[in-house]
Amino acid sequence: METLHFRHSTKKPAAGSKPMAVIGVVASGNLEILLERVLPPDACEVAIETPIGGFGDVWEAVVADFVARAQPGGLRISINDGGARPDTVSLRLAQGARLMEA
Amino acid sequence: MTLADILASLFPHGHSVTVAEGLVTGQGSLDGKPLHVVGIDGDTPLGVEGALALSAAVLDVVRAGDRSPILVAIDSDSQRMSRRDELLGLNECLAHLAKSLLLADRLGHPTIGLIYGHSAAGAFIATALATRVLAALPGANPSVMDLPSVARVTKLPLEKLQEMAKSTPVFAPGLDNMVAAGAVHVVLDAEKPLDGQIRALIAEMPKSDVRDRLGQERGGRPVARDIAERVARQARG
Amino acid sequence: MTDWRSEKTARDARIAAGRAHAQGKVVRAEAVVDLLEAVLKPGDRVCLEGDNQKQADCLARGLAACDPAKIHDLHMVQSGIVLPEHLDVFETGIAKQLDYSYSGPQGSRIAKMLYGGQIELGAVHTYLELFARYFVDLTPNVALIAGVSADREGNLYTGPNTEDTPTVVEATAFKNGVVIAQVNEIVDKVPRVDIPGDRIDFVIEADKPFYVEPLFTRDPAAMTETQILIAMMAIKGIYAEYGVRRLNHGIGFGTAAIELLLPTYAEKLGLKGKIATHWALNPHPTLIPAIESGWVKQVHCFGSEVGMDRYIRERSDVFFTGADGSLRSNRAFCQTAGLYACDMFIGATLQIDLAGHSSTVTQNRVAGFGGAPNMGSDPHGRRHPSETWMKAGHEAEVVGDPALMRGRKLVVQLVETFGDKLVPTFVEKLDALELAKKTGLELAPVMIYGDDVTHIVTEEGIANLLLCRNADEREQAIRGVAGYTEVGRGRDRAMVQRLRERGVIRRPEDLGIEPLDADRSLLAAKSIKDLVHWSGGLYEPPARFRNW
Amino acid sequence: MRIVTDPGSQSWYEASARQRVAGLVDEGSFAEFLGPAERAMSPHLPLFDLPRAFDDGIVVGRAQLDGRPVLVASQEGRFMGGAFGEIHGAKLVGLLRAAIETKPAAVLILFDTGGVRLQEANAGETAIAETMRAIADARAAGIPVIGLIGGRAGCYGGGGLIAGTCSRLAVSESGRISVSGPEVIETNKGAEEFDSRDRALVWRTMGGKHRRLTGGADAYCADTVAAFREAAIRLIGAAPAFDLAMLEAEQSRLEARVKRFGDCRDATEIWARLGVNDPDAVPAMTDAAFAETVANVTEASHDAR
């Protein structure tokens, strides 16, 4: 298992007030994302556990694009990955951010 | 120990226990009171007929209402793997056998499992694991799945699994690991007469299901007890 | 004196030798080897019919069992190398040369044998090329074909999977060749005559019916949100944009998703009757909801599909059927239709490079071409206009006399940026090049050349290559939809942004599509069972696709 | 454009464990115990280089169903096949033990499991035994335990035994209940015994319709969350006791089944003997037609469970 951590600062806090949300399922080619509103409003942390090593650059790019687009300030995001493809990761991140808006 | 050795050691004054097609039924006398025996011998797989024969024997004991103890002696294969058994609802038959033992227990019949050979999977759950206290004799070999099969399913090399099995009792087959998990309460001493050891077990029946506490103490199930208690605590609100 | 009838004489001798093992035209299954050894000559050109859905498997076993001392050095000319026996004959020396089109399941073995020199390869063809060569310089001496039933006169019913049979028989029977047919049963009267009996010389009742694989069945239960998103973009950004009515679909999940979105998503966009009305296509089960909703006017088929026979019989307004009611397919005609009469080919591929060349070759597999390049190419000989064709043509060419401009066929690649096991779809260099070098192929097995591709659709967006004005733009347009692959991450961000402003690259949001709306609830059918319901119980899926 | 669907009409088979719970109980009433944020994850899977799930593949908690308090457990069949690992099993055991104290109107178990998680086999197997004991205790205390089966992974292995211990079971057409899975039988006994790729055979042998017709399940529902909700509410009100009389009745019921159908090779023969007019038509029957068929089969409904 490979563990990755990314820390970003955001210009805005994440929309909404929901304290916690979980989306997705850990399965082959899929992943589970836990979002918790526990950080300062200008910070976002993403922690990933993945069984597939060697994709750190890809994760970094996916997370950076997500943070730039969604501005998820205040969120600690934890990912259990089952070998998802980057497009699936992006989609789940976006779905998670939408859930937190509720 | 063979079943005959066990019965001889358990009932020095004789017994009526018989084995037919691998199914064990009958009784002997312990301290002048009946001790009923049901079980499976000879590494026999447990199918629909076997399960219902054993449950019938258990319900006969319950019907008598005398709160006499029931010994479930097991040397079985796993459940019988066949299209016919599943067609006929093997899951119901095995569950029914387990429920019969659990009802007997609730109605005051001490239930004692005794694994002296092999057992696995559904046959194990429906019989020995459905008793209040499960004892084993040295040399017993309970398992969920043997390591070569685990290797096939998990796609891990057998050598690696064998190495892992030494430090991780949670997945490895064998008596020691089932003891560590708390599933087997106690390993009996084959050198001493069994009647006394069974008598002691009956006298000291745990009041509740203590298997997760044993698993925690013995290290075979490090977190189950704590998790179950946390859930229960939150449920109590 | 020149003998102008030597072929005829030789043919008569072969027939006479074969008759020793036949009663009239009928040969028992046990006598197959004797028959073949009597009819075949060393060095013969032989077509052993191997289609997608219909294999002359009894004859293949018979050929493989022939004595290599008697029958050797054959030149096999057949579209499909599909069964193990198709290659066994090269190991024993029964066959030596090979010209073929497609070798799906035998792809890695054929690569090994090419590499080892056991096969002398003529060429890997597309279907239409091989069929064409049957009539020019690769005419079979003997054709070994398959059908469902025949009568004692040899009148043949191919069943719904007619596929290659008429083409093979045409070339063989009318040029002094011998045609041997295996059938599942010999009957007094065939349901319909697909091949007249005077073109069939011998009929064998096979020991068991030929096996049919459900190659074109895609289970809606396995469709992902990403595939649905890509399908939405294709419908809105290409089908609607160009008004594509006449088309061919590939057989992947992406195009199957499009089929399932027609009665839902496309219907809401008001596209019914405006797109996807006339098809060159196998009878895909996933097309059933669109047919039932009145989207589809007409479908011509290369072959059939397992479980679709009853449905097709009851939908003869849509499908081509015989007087007996069952489907009549024909690969050569349908490929021609796909090449010339369709305005769009849309399908998936495994690898795309920076020039847009694509290949389904993976390391160590020579899968061949089949018909995808026939459909997935711009036919320069086309002379009839359509709105779709002209619009694409105008996008590609902006200077010159309008009267001299011609149209373009839309050739669309529908891919996810990563495939199974995180293997990137976009690469700097196709594996096909390496494979060609290793196996000594003169041409790298490129499925669709970059200059034929007009659009690439991924989950990141649509790249319209028609609008690219030079190789640089083309490369950046491809990188711009290549997602998080190395090729994608290597993009020139500023240039990609400019291409987006020009509409060369279009993102989901540029098309008014919210990626989070790409949900399985959009699928007209979410399971095979739903397809059965749509068909009114007429579709009978094979057992492996059932969960009831 | 968004095609909005009523959560109740969502496919049970397709829904995740969490979606099933959310749609099953009264809206917004579910409160999870040991939720994902508590990160109670398997200590064992990392040894096998396998990813973990925040809830170890089972969601447990309390909710209201039709206004009454219930405890709920929902297995996620897509995570490790919904299999029982140490934490997964312990969460279910803890929930059932709590039921005996808190006396909810019912405990609902949304099965979706292949059985024991091999990487934690001993813990999983023992947890299944603990679960069955806890169910017996809960039932004896008058708390109905209702099983709902219609997920991707089916209800296999020890899951099948737990299901057989429940007071009542609801099943959909996609649901499968069995001890040995088709692949396991094929691996051990050969394809002649069971061709696991013959999916129609799989469903005839262990699928929802067969179980319902033979009384192996007490309700048959359409594959929607709403249908399962309705079935659960109905079954809570009709839970049999856990006593000697019930077990004697079950003994007779199962013995009669084995005697009557023991020589049948295929489910269609059993259905014919049950009085179904056109047994071959059963797999393709619509839910409504099947409900009518079941209504005419006396063996399908009983209090002997």
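So that you can tell them apart, the chains are marked A, B, C and D in the order they are listed, and the count of residues begins at 1 in each.
By definition in this document, contacts are C-beta pairs under 8 Å (C-beta built on N, C-alpha and C of every residue); 3 or more make two chains touch, one makes a residue touch a chain.
The structure displayed is predicted, hence computed values, not measured ones.
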Chain closest to the middle [Cα centroid of all protein chains]: D
Chain whose Cα centroid lies at the greatest distance from that of subunit D: C
Distance from the mean Cα position of subunit C to that of subunit A, given in whole angstrom: 41
Inter-centroid spacing, subunit C versus subunit B (mean Cα positions, whole Å): 59
Chain centre separation (subunit A, subunit D; CA means) in Å: 33
Averaged-CA centre spacing for the pair subunit D and subunit B, given as whole angstrom: 24
Chain pairs in mutual contact under the definition given at the outset: A-C, A-D, B-D, C-D
Subunit D to subunit C touching residues, read off their complex: 1-3, 5, 11, 13-14, 173-174, 197-201, 203, 207, 209, 283-284
Interfacial residue positions of subunit A with respect to subunit D in the complex: 1, 20, 22, 25-27, 30, 32, 34, 36, 49-51, 78, 80-83
Subunit C to subunit A touching residues, read off their complex: 224-226, 229, 416-418, 421-422, 459-460, 483-484, 489, 515-516, 518
Residues on subunit D engaged by subunit A in the complex (per definition of touch): 16-18, 35-37, 39, 46, 49-54, 76, 78-79
Interface residues, subunit C side, partner subunit D - complex: 221, 264-265, 268-269, 514, 517, 519-522, 526-527, 529, 532, 537, 543-548
